[in-house]
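Next come the structures, one after another.
You will see two complexes here that share subunit A, one where it goes with subunit B and one where it goes with subunit C.
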Partner chain A sequence: MAEKKMVSLTIEGRPVSVPEGTSILEAAKVVGILIPHYCYHPGLPVAGVCRMCLVEVEKALKLAPSCATSVAEGQVVHVHTERALEARKGVLEFLLINHPLDCPICDQSGECELQDYTYQEGRADSRYRDPKRFNPVEDFGGDVLYVPNRCILCTRCVRFMDDVAHETVLNVSDRGDRAIIGKFEGKDLTHPWSGNVVDLCPVGALLSKDFLNKARAWELDRVASICPSCTQGCNITIETRDSQVARLKPRPNEDVNRFFMCDYGRLNYRWMNRTDRAELPLVRTEGELRSIDWDIAIHAAASLLRDARTFVLASPMLSNEALHLLSRLMQRKGGAGAFRVATGEEAPLAGVEDLALRRDRAANVNGAQMFGFQRSERPLEAMRDGDVLVIADDDLTGIAADEVARASQVIVIGTTLPGAASAAAVLLPITNFSEEEGTFTNLRGRVQRFMQARPAPGLARPSWLVLGDLLGALREQDSFYLPSDVFAKIASSHPAFSGLSYESLGMRGLPVLESETAGAAR
Partner chain B sequence: MGFPHPSHRQETPLLTRHFGEAEARTLDGWKKRGGYQALEKVLAMTPGEIVDIVKESGLRGRGGAGFPTGLKWSFMKPGDGKPHYLCCNADESEPGTFKDREVMRWTPHALVEGCAIAAYAIGAETTYIYIRGEFTEPLLRMERAVREAYDAGILGANAMGTGKRIDIYVHRGAGAYICGEETALMESLEGRRGNPRIKPPFPAVSGVFGQPTTINNVETLAAVPEILMKGAAWYKAMSLSNPKSTGTKLYSVCGNIRRPGTYEVVMGFPFKDFLHDVCGGALDGRKLKAVIPGGASVPIQTMEEAEATLMDYEGFAAQGSMLGSGGVIVIDDAQSMVAVIARLTRFFAHESCGQCTQCREGTAWTTKIVERIRDGHGTMEDLDTLVEIGENMTGTTICVLSDSCAVPVISGITKFRSEFESLIHGKRVHSVLTAVA
Partner chain C sequence: MPINIKVLDRPIEDVSYLKATLKGMALTFKHLVNPHKVTVQYPEEKWQISPRWRGTHRMLTTETGKAKCVACGLCPTVCPANCIKLVPGEDEEGNRYPLIFEIDEFRCIFCGYCQEVCPEEAIHVGRHYENAEYSREGFVYDLERLTAQTHPVCEMWDPEDPRGE
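Right after this comes the complex of A and B.
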């Protein structure tokens, strides 16, 4: 990187230096100018076809497409001159003459680049007096619906499938104004990453069937998060409407997922909205689980744990914070802990290095291992008879009640009360991933933060808070007030995390120390 | 020669000399007429010498743009370690243009020889002749000629016994005007959809299969053997007006003219004499009204402009048009200019590849408006809209098809505005009715 020659130029009067070979469009971003564009996308090869990003370069005869024009030393670029604005206004008028203008019923409305740029610099009226062209809506397979009338033929979707997914499914069929996006005979958008074409589409031409007519873009609240569906740790945005997760969208991170996320992760969000949740702390009194004050429930759990060896059945979906506190709980009296992972087929995205839907379908497998939990298909085998069993958000699917019954006492710290644990002595309800804040460690040892996207149900509390209080009741330490405090504790007690903090992680994450992850990242 | 008419005394037949002679199509017949002597001669020269002669001759691209051929060849740097390619653009699809078709029909060996010389000069072992999909007869003629040349050892691994490899492949297009655009042609040749590429990189840097490529028109290449036989000075002397335009040029003349056909005159020949004398002038009882001198994508000339024109690159430009491909479309007073322009824009709308917004939408929109005016449903605002659309379509796209569609519209409205206006005002006054009556 450092050897690359730097080129200095002026864009809208602002001096900027960028590496040789950078496009004018990217250079303009550096100085805070967004040149309007449609076909250009930083994750795709340059097509230069929408002609929206035309800018005026001094001494050049013609307007230059800024996405396809490299910077040159001493170049003077004008983005907002009359000539450039007129040209872009012309493009917008052309794009709109056959556009149905059905924004009121279009899912893209509110996050549509055609809308945005038209408001920004388009004409207020149209001079088009002839009938608009019409093509029927087409099912592209997978989660994707194609509305050709809204299509501006930017070909981002075609280029994504060809050059990133490396599976030729889409094409431009016919030519001239009859051109539409077509599918090759017998092909469908069934590639595990094909849902990205919906995000890439700058207009409402490619829509997610899952999200179809579900919400308007401006009704959604957006929160930065990490996809919990596998160990890749793709950066995502959780979008909620009325506190219900409505969809997941990829959030760019050059080091992890670039601009993409897989369809499995994208569509695996309904569990976050589950309504049959444990909402009240319960303690067994007179043979029956009864709801009770949090303080009393915490102390009831603490009294069971005080002198007994503890076995923790953890979930690899828990945050580093929760897992750290659980590991301290289990280590108190020489106990142990285990976890299990659901697995599936690995599905790489061919055009991006080290990006795949991973076999392990849980967010924090690496974290669970780093905090000393044993991975096992039959996790309760390692439990000794008479241990106090802490079930930390494992749903016990496939585990029989009599296996659980080998424990002297069962404490459930979870989002639900599994049937096999119905004999539990205490239930401490915790929030799920979308309802709390924390960090995950992905398979490459990258620690990344996720934010709270929706409120907790009932009286459920964040896992780190509950576990912190529990350790407090056991006189192990003072309660934590913030998840960042827990993370600070991790950073000071685990060498791999030393030097990290919520502030230094930011929203893009940082890798844990290399030497410490070599063993954990398989 | 004004094929299919006998040669006119004011013509200078070089490429058209043997049109109509069936024997010239065969290798033997061609050799009898002096064929392949130039190739034999140049294979003993160095490529640099050939390029210098072509540069000196002043030969310019006959496909439309008029780029100096020798200069183009000199962009192919020898010894860069990459395979070089030569493409012959035989995708002649410009409305009104059919000169290359006649060259390939009657003198296929002239093109083979020209290709072989050019390939040697630019260090290319492989030449592709990309031929228009609809050209069935020229395709057969070219394929036969190439086969004959291979059989006679003129082409192949040991071309003319010199140990040099010269391969020529004839590739048939699938019938798209846009594939005549040089970079679209290369995309098509590589097996992809024929969409023009963004330039730069130019073909000389990254052309066919990403390798340095030179692409020349049929007429350009067919003129090369003659130049190398008779010398640059001889060719350069053939110029009646501007010294930057040298040699002869083929014109395919069609439309409302007494003797349509393929003519060959020296650069700088007066267009007035060409139309009224060489081509026989207007049909009985008609009057010439306008000329599109260089294929559908050049500006329309009024008769005043046309008659003041000297036929070369600079001469047509001085009179508000372009030499273009030499496809002369003659329009007389029996025609409605609006109908003519509507037909042209419809062609461009049909042939637009559709990748650039302005072209995809603009060509179709323009067509709708012009056809509406033609059918008597236009408004005066439509004329302003047309000009503005045309301006938005000019100079903003990857290739010039978009510009080409705007050209007849803008020049037509500028020069024949009254015809548009009378249709808009419901008066069908163009003289076709009086002429026919």
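Right after this comes the complex of A and C.
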């Protein structure tokens, strides 16, 4: 960036200095002015087809499309002059000629740019008296539904498929006022990243079938998070309605996922809403698991762990905080720990460097390895007979009960009580990923924070709190009150994390020290 | 007597109750012979209520008897008392339709915003005031109940004077 020449200009009376080649639209964002636009998207090549971003540039004859006009030295730009407003009003009127105005039944309503800008600077009524064009709803395959009547032909979806996904599926079919978005013969939107066209669509023309008629945009509560479905660690927003996760949306992060997320991650959220959860701490008394007070359950678990070698079956879905505390638990008496990872096929997004749906379908594989857990297909093989087995959020699918039974005692710290662990002595219910705060380390060693999106079920507690209390009961350390305290402990005890804190991570994350990740990631 | 009590000397016309009594009786008698009656023999007779009266709700239906509601979610959003519960879904034809639409008439403050905001002219407040129920649950009107009600609905403004001037 340093070698790029800086250009100074004035936008709406505010002086701004940006690198040469920046568009006026991006320069306006720097000084906090949003120029209305449809076809422009920072993640896509510039098309300049919607004519919505017209602004007045002094000494220029015509209005300039701000998305396709580079800044020039000494330029004076006016966004809200009468001429510019009149032009944009005209554009909006044309866009609305064939728009059905079915906002009450449109899923985009509330987050629709056509709606927003029309309220901002459009006409209150239409002068068009003829019947509107009508085209039937079309299934584009995958998770995408196309409602051509609402389409404003910004071609964001076409450009995404062509230039980012590198799979030519969509085009603009027909001409003039009959033009609609079409699919090429025999092609479907089955690309593993095609769901992004729904986010890119500024209006309600491309809809997610999964989210169809589920909730209104203004009813959703939004929380910044990290996609837990693979080791890529895409930044996402969890959107909940009545504390139920309704959908996941990508959150821009230039260093990880830019503006995108894959369909697998996008649709893999139903497990967060699971209702068959462990909600009460259980302790085996007189041969039967009985619900009991948290303090007693923690002490019951601590008394089992006090003098025994511990084997931890961890889950790569746990946060760094939980895994760090688990590793302390396992190292106390020279124990060991292992975890397993579900795998799938890698699906890269061709147009973005180093962005793919990764083979390892769990968020914190790198973190689990950095904290000393062994990755294994058959994790319990490393367990010695007579160890105390701590099952931390592994659902034990494919693991036989007699394999678990080699342990002298079983403690389950998890969101459910797996059938194969029904002989457990203690069950400590923890919250799942969407119900707690923490950090994940992605496959490039980037530590990123996620926030709590839903309340915990029943008496379940966050994993870091349960494990901190357990270590406290074992006189290893004091209990923690905040996840940031646990992270501070990690930063002070692991060289790779040194210097990091929740404050410095912010909402975009930071990489751990290079030398450490190089060893652990392999 | 340790305390001296001062007795005021009042003129008899101020102290006498006779004048006030006669005045009151005169008023009563005036109303007795007044031909304009205020009392209504409810329930045999009923008051004529205003066309803008806002009472318990009614959901209007299409010709096929289905509720006009498209579950757009504007009424639960605008409702200041938070008394409308709406869960959107799809009907048999795949159109947007409320799976659950409930109005808690106990919570409702009868402001009429739901009727005003409705883009489909589906939900209306009614010109109706006889709402007695035997149970509290009876005051949570579901979609079936709302569509089955037949009382006239509120006219948000007087058709003779739409601007209220």
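Things worth noting here:
Just so we're on the same page, the second predicted complex is superposed on the first by the 522 of 522 C-alpha atoms of A that agree within 3 Å, B and C clash if a C-alpha of one lies under 4 Å from a C-alpha of the other, contacts with A are read in each partner's own complex, and residues count from 1 in each chain.
Rule of thumb we're sticking to: contacts are C-beta pairs under 8 Å (C-beta built on N, C-alpha and C of every residue); 3 or more make two chains touch, one makes a residue touch a chain.
Given the structure is predicted, the values throughout are model-derived calculations rather than measurements.
Judged by the touch definition given at the top, the superposed model places A:49 against subunit B, while subunit C stays out of reach.
Of the two partner chains placed by the overlay, only subunit B lies in contact with A:179; subunit C stays clear of it.
By the touch criterion defined above, A:105 lies against subunit C but remains apart from subunit B after alignment on the C-alpha atoms of chain A. By the touch criterion defined above, A:216 reaches subunit C but does not reach subunit B. Of the two partner chains, subunit B is the only one touched by A:95; subunit C is not.
Of the two partner chains, subunit B is the only one that A:152 touches; subunit C does not reach it. By the touch criterion defined above, A:65 lies against subunit B but remains apart from subunit C after alignment on the C-alpha atoms of chain A.
When subunit B and subunit C are set side by side, the one touching more residues of subunit A is B. Of the two partner chains placed by superposition, only subunit B is touched by A:127; subunit C is not. Listing the residues of subunit C that touch subunit A in their complex gives 70-74, 77, 88-90, 95-96, 119-120. By the touch criterion given at the top, residues 103-105, 109, 212-216, 218-219 of subunit A touch subunit C in their complex. Those residues of subunit A that touch subunit B in the complex are listed here as 46-52, 54, 61-63, 65, 68, 86-87, 90-91, 93-95, 97-98, 127-128, 130, 152-153, 155, 171-172, 174-179.
Residues 176, 178, 193, 198, 349-358, 360-365, 368-369, 372, 381, 385, 388-389, 391-392, 395-398 of subunit B touch subunit A in their complex.
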